[in-house]
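Before anything else, here is the set of structures, which you'll find just below.
Heads up, the next two complexes both have chain A, just with different partners, chain B and then chain C.
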Partner chain A sequence: MGRVGFAANAARLDGDRKQVIETGRTRLMIAGAVFAAAFLAVALRLVDVALFSDSYEPRTARISADERMRTGRADIVDRNGVLLATSLETASLYANPRMVINPEQAAHRLAQTLPDVDAATTLAKLTSERSFVWIKRHLTPQQVHEVIKLGIPGLEFNREERRIYPLGSLAAHVLGYTDIDNKGLAGIELQHDEAMRTRAEPSRLSIDVRVQHVLENELADAIARHRAIGGAGIVLDADTGEIVGMASLPDFDPNRPNTIVEDVRFNRATLGVYEMGSTFKIFTTAMALDSGRVDLNGGYDATEPIRISRFVIRDFHAKRRWLSVPEIFMYSSNIASAKMAVDVGIANQRAFLARVGMLEASPVELPEVGAPLVPQRWREINAMTIAFGHGLAISPLQLVSGTAAIVNGGMLHAPTILKRDGPAHGVRVVSERTSERMRRLMRLVVEKGTGKAANAEGYLVGGKTGTAEKTLGRRYSKKALMSSFIGAFPMNKPRYVVYVMLDEPQGTKETHGYATGGWVAAPVVRKIVTRIAPMLGVAPVDEQAREVQERLMVNLNTVQAGVRRVAAH
Partner chain B sequence: MTGLYVVKYEVKRLDEELARLNRQILDDQSAIHVLNAEWAYLNQLDRLEALGRRLLALEPVKPDRIVSFGDLPPPRPATAEDEARRLATVGRVP
Partner chain C sequence: MSAFTRSDTSVVGRWWWTVDRWSLAAIACLVGFGTLLALAASPAVAQRLGLDPFYFARRQFAVIPVAAVIVFAVSLMSPRTVRRLAVVGLVVSVALLVLTLIVGMEIKGARRWIDLGGFSLQPSEFVKPTFAVVCAWLLASGRTQEGFPGSLIALGLYLVVVALLIKQPDVGMTVVVTVVWFAQWFLAGLHMFWVALLLGGGIVGMVAAYLFLPHVTSRVDRFLDPSQGDTYQVTTSLEAFMNGGLFGRGPGEGRVKSLLPDAHADFVFAVAGEELGMLACLLILALFAFIVLRGLARVWHDNNLFVMLATAGLLVQFGLQVLINTGSSLSLIPAKGMTLPFISYGGSSLLAIALAMGMVLALTRRRYGQELA
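Let's turn to the complex of A and B:
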């Protein structure tokens, strides 16, 4: 009974217990589910973190992998890739004056450690109220080390870029220079300032450093010998318009921009505009031949000087007779050239000169480009004087690029300071035939005329001398000359045009006191051509060889309608 | 789970290695850059010219020293004797 009672009791108990267990189980299930959910969340997060978290550690690595080496301002290289300008990292020293404990001592010790740091000015800086003052920009690694050794609190270094021109003053006027914050101030540095800041690839110039060196070297030598105040030289690729060398002296060291004064910054080759003198007769003669008004056999009377209004046009090497076109060019007759221009016509002359780029600033990619001085009214007197290079002032680069067009077969190419990638597109300015005849005339000048000193043997130099009197105030000066020679080589198929100009040269004993283009500038061209031709791959030829002579000879009929003599034999 | 951790730490280690190598590449590039500038500096044409004058017996090329292949005399036709001599040097003559 009791047993039954117990059983019944147990059954009742079982009911209670069962309920409790049920409750417990439910709770466990809930807790278990919560935990399971939590663990699942943790696991998911773990997978997420381990597999899909781009945004944590790997970032630094990715950035340095993607980012290429940036040196700030892009390099400048020559046509063969020789480094002309680059940027190096340097440290600049600055101070936070509020953190400097002992300004007097700090200023004293800095002045002792660093050259050109003055104790007094540094003290003034260190005691100022500002929280940032430059002490010295662009320290060498050695100086950085020494300043760190001083252990002065409040001094900090800032990593900066500094523009370096490893070749010093070479091609200084082409390169230009930058200020202390690497902003371009002149030359290609100014022209390409924006591009060089943003792009990484270097600016590739058309300059060849070897040619540039020879050009500067020989020009400097001539300036010293003739005590000239300056000079300019250009070597231009006649077929592409690329400037292979361009120099203006005196020059400067772009590594030290604070030492550059106005006088040396002036680029005589592109910014200076000058009355060119007789070299301009290249255009007058080409124009006359191209117009068909006169032939190589034709000529003009140069017996009497021309009197027009209050001017008298005379010849320097006066022959006082009728002159054939080759003679006019060879003896550089002003009288006959003036007649030639009038014969062609004033309007035609103006149009022709505009076509060969004489009336507009050169399109070269440099900020320092001088606009030509063109007469406002182009009257007969202007036409006459311009015919022999007076009354129209142009930059040497204009003369060189125009001459290249005359000798290269008649195609004018815009001169460029940047290396050309594709073929050059030119504009025809004179016919192939005129160009061919001009080559003969220019060769004649070097073979027999005023430019004999330019004859670099084997390289068939042809050209034209020029001597212009500089204007001082409103008068021409007999003493101050601009003596120049423009040549091209090899004349049977011109590849390069070479120009040399000396500003106010003095005659020497070797030149018998003469300071004209034929005496002072032509020999410089000979030396330059002899040195650069092997570098540029121009092979020398035997100048006496028959086929060479035939291509370049000129009929020099010295008598009007008279017996013709062959000049080149 | 453990595998994931192992992979994760391996990847992290490789990332660090990558970052280190990238840093090293940058350092090397910057060193190359400086050395290029120095190379250009040492190749200053004035300097080379002066050194050449002082240390080498060379001088600017004169036009008459440049000849092309066309200027060379035409090769003499080989004679039987030449041929025998040539073969002798090669060691084919028994």
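Let's turn to the complex of A and C:
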């Protein structure tokens, strides 16, 4: 090999080295590109953070001043801006037991200063091993001053906020209440919990406190008079679906949430579902008229009770003859209503009730909403009993909103507890003509039928009574009644629907021992309408005026129809 | 600037005409920023520690001239001298690294420092540049000299150094050394199969660190889900950049330095963001990027494999430290303590970086017809 071999070797090595350097250069470019990209990424991130992120610290003091002004949880106001719920800043007393020098003395003096602080429990707290114990939440400024004067080391105050309901128990079930940490537990407080925590503007309800007060006042009065176990009342704007007043008694004081027991928390107006009884005939009759199967001149035979499977359907005010449609409604005939429903058809009945919102829970903005109890299979017997309000349990609010649609010209509006900003959009459920005829029939009930006691002079109240026997176990009870009246006024152009229900009322001497809707609930509606109509700007009219009479008159057709029927035989 | 004429053949004169003066200027700018920020950031930290307000600033100012001398002196060296310096430096610093495990001061749970009477030395800082140069020599020799097992020696050396660093423990330093070592192998023409395998191994290693090292787990978890735990440092750092905006609040006017324990070291970039503003930060980033990319571009023309590998290794180390530090401050990556070259407070770090950049300047000087075998 010698020199030649060495030279060849060196040349190969030289070639190798060139090759290696070339590879290195290529890869150096890759490294450079990676670095350039990484530096670019850091630079972009820097620009993003410095210029385009929301600063944690505001650059001006204006916003923070704003924050200080508002107390945490947003207010609740009624439709006219009257304050229903607000938040006040309070101080809560806590202790760091490790820093309390003389627990016995401290407990003793705290018990002397604060009325509901007990010396023994406080001593137990102050001698515990923890470094934080609550002594008392939400002290008054006076109490804070007293505690500071005691000069006990280890006691501290924590600024908290407390929910205050200035009107006490008024509209308690609508408002709901909060726990000690201001977390909504019921009513609109729970429904709007998130919004009220985060937003400053108050929740504006559709409630009018004046109407609410009248409603609760008259309802409580009636419950006391008839020794009822409870009651419910609703005033609804017939054209918008806004709930102007809604009460459920017994109620509670949301200012003292620890005193609220299960029984008073129950909202009978929205959560309770009941078999409504005869008030349901509003829907049966409207359905029959709207379907065209029958008109105001038509009627059904109510001579004999209906026997179907093991049930017997009877009339409470039995006339034992053929009845015209107005008579059926006025005398509240179960037999004829059942026939009316069968005549329209089972499927049609179900579809109609679904349309007026009877088969689904009310869409109102409250957490306490009861779902209706709908029969699983809709047979003939179901159709018949549902026709007069048995075998289908709904909440009073469903009944009220459905009735509003029947009387207001036929438009169903979703009921709302919040004040509407714009016009309400409804869904047509019956024709104008059906609605107009139903208004006449409902006025007839108050003028001449079972609802005479509801007649508030000049306000043209129309309505329907309802008396349902409550089911106790699996039987209906004759003694335990749900007596109600649903009305609307003024009947020539209804503005408001008013509903009153008493739970297990007892008859009195004035009602001759009767506890039916016409005797116990209808008078309450009269009193309520008399008091609220002036507030709501509804002027009284002369009921005997010709144009009024013309708009609301109903020809009972008893004789004529009877003759026609005889003639037809 | 024409203090030296072209015909000046003195050592300094030749140096002036052959050294990369642009990189030198960039380094000088960075030292200037570092001085400014040492004055701005460190008094707050010193005060919080109950020290004289200018305690850190004074110490840093004592080191800066030394660093300048090192940059200058090392950049005068020829590649061969640089290599020898690196070998000696590596031997000494690895020995000191072993010593830390025996007599080191334990600070915040790690043994990284040796007390030299008033000045604590962090040997691992010096391991980084010297290791990079020695590795470059081993790999280059392995490539160019028949029968020299350079790659194997480099691998063994790497394992020793990493074992010592993990023992301290110092994960950040381990990552930097590993990346530099890998980058050099890559440039030395490592077969793509091994590149892929090592990249995969790196990913596996990172996942393993996440799974088996509890403080890495918590750091990464907090990065991925800031609501989950304490992200005080990173949140405060980001706030600093937001408060600074485009032009900053003015030197000394920031408040992040009084909130963050490491404002003068690991989070000095946030102090810059708050006091000097986004534009100044972009300028600092640009200076760093310039030094790295210009250095890489300069060795691109070099025909010497050792010079290419050594320079690239040193620049990768330099650039990586910048990226990790700024990325942590901006919450672009999980927070990892890493000094920002020339700007962060820290004597060992500054001297080591001076050494590294001195070497880079030495290696990137123009050499006409000179070859280093």
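Keep in mind that, in the parts below, the second predicted complex is superposed on the first by the 490 of 569 C-alpha atoms of A that agree within 3 Å, B and C clash if a C-alpha of one lies under 4 Å from a C-alpha of the other, contacts with A are read in each partner's own complex, and residues count from 1 in each chain.
One rule holds for everything that comes next: a residue touches a chain if its C-beta (ideal position, glycine included) is under 8 Å from a C-beta of that chain, and two chains touch if they have at least 3 such contacts.
All of these numbers come straight from a predicted model, not from anything done at the bench.
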Between chain B (first) and chain C (second), which, if any, makes contact with A:L28: first, second, both or neither? second
Taking the superposition on A as described, I'd like to know which of chain B and chain C A:R17 touches: first, second, both or neither. second
Between chain B (first) and chain C (second), which does A:L46 come into contact with in this model arrangement: first, second, both, or neither? both
Have a look at where A:L83 lands relative to chain B and chain C in the superposition and call it first, second, both or neither. first
For A:S324, select first, second, both or neither according to whether it touches chain B, chain C, the two together, or no partner. neither
First (chain B), second (chain C), both or neither: which does A:T434 touch? neither
With both complexes overlaid on chain A, does A:H213 touch chain B (first), chain C (second), both or neither? first
Of chain B and chain C, the partner touching more residues of chain A is B
Taking the contacts chain A makes with chain B in one complex and with chain C in the other, which residues are shared? 43, 46-47, 49-51, 57
Which stretch or stretches of chain C touch chain A in the complex? 143-144, 146, 183, 186-189, 235, 238-239, 241-246, 273, 277-278, 281-282, 285-286, 288-289, 292-293, 296-297, 299-300, 303, 305, 308-309, 312, 316, 319, 322-323, 326-327, 330-332
Chain B touches which residues of chain A in the complex? 43, 46-47, 49-51, 57-58, 60-61, 64-65, 69, 71, 82-84, 86, 88-89, 164, 166-168, 170, 209-210, 213, 217, 456-459, 530-531, 533-534, 539-540
Where on chain B is chain A touching in the complex? 1, 4-5, 7-8, 12, 15-16, 18-19, 22-23, 25-26, 29-30, 33-34, 36-41, 43-46, 49, 60-64, 66, 68
Using the touch rule from the top, collect the residues of chain A that touch chain C in their complex. 13, 16-17, 20-21, 23-25, 27-29, 31-32, 35-36, 38-39, 41-43, 45-47, 49-51, 53, 55-57
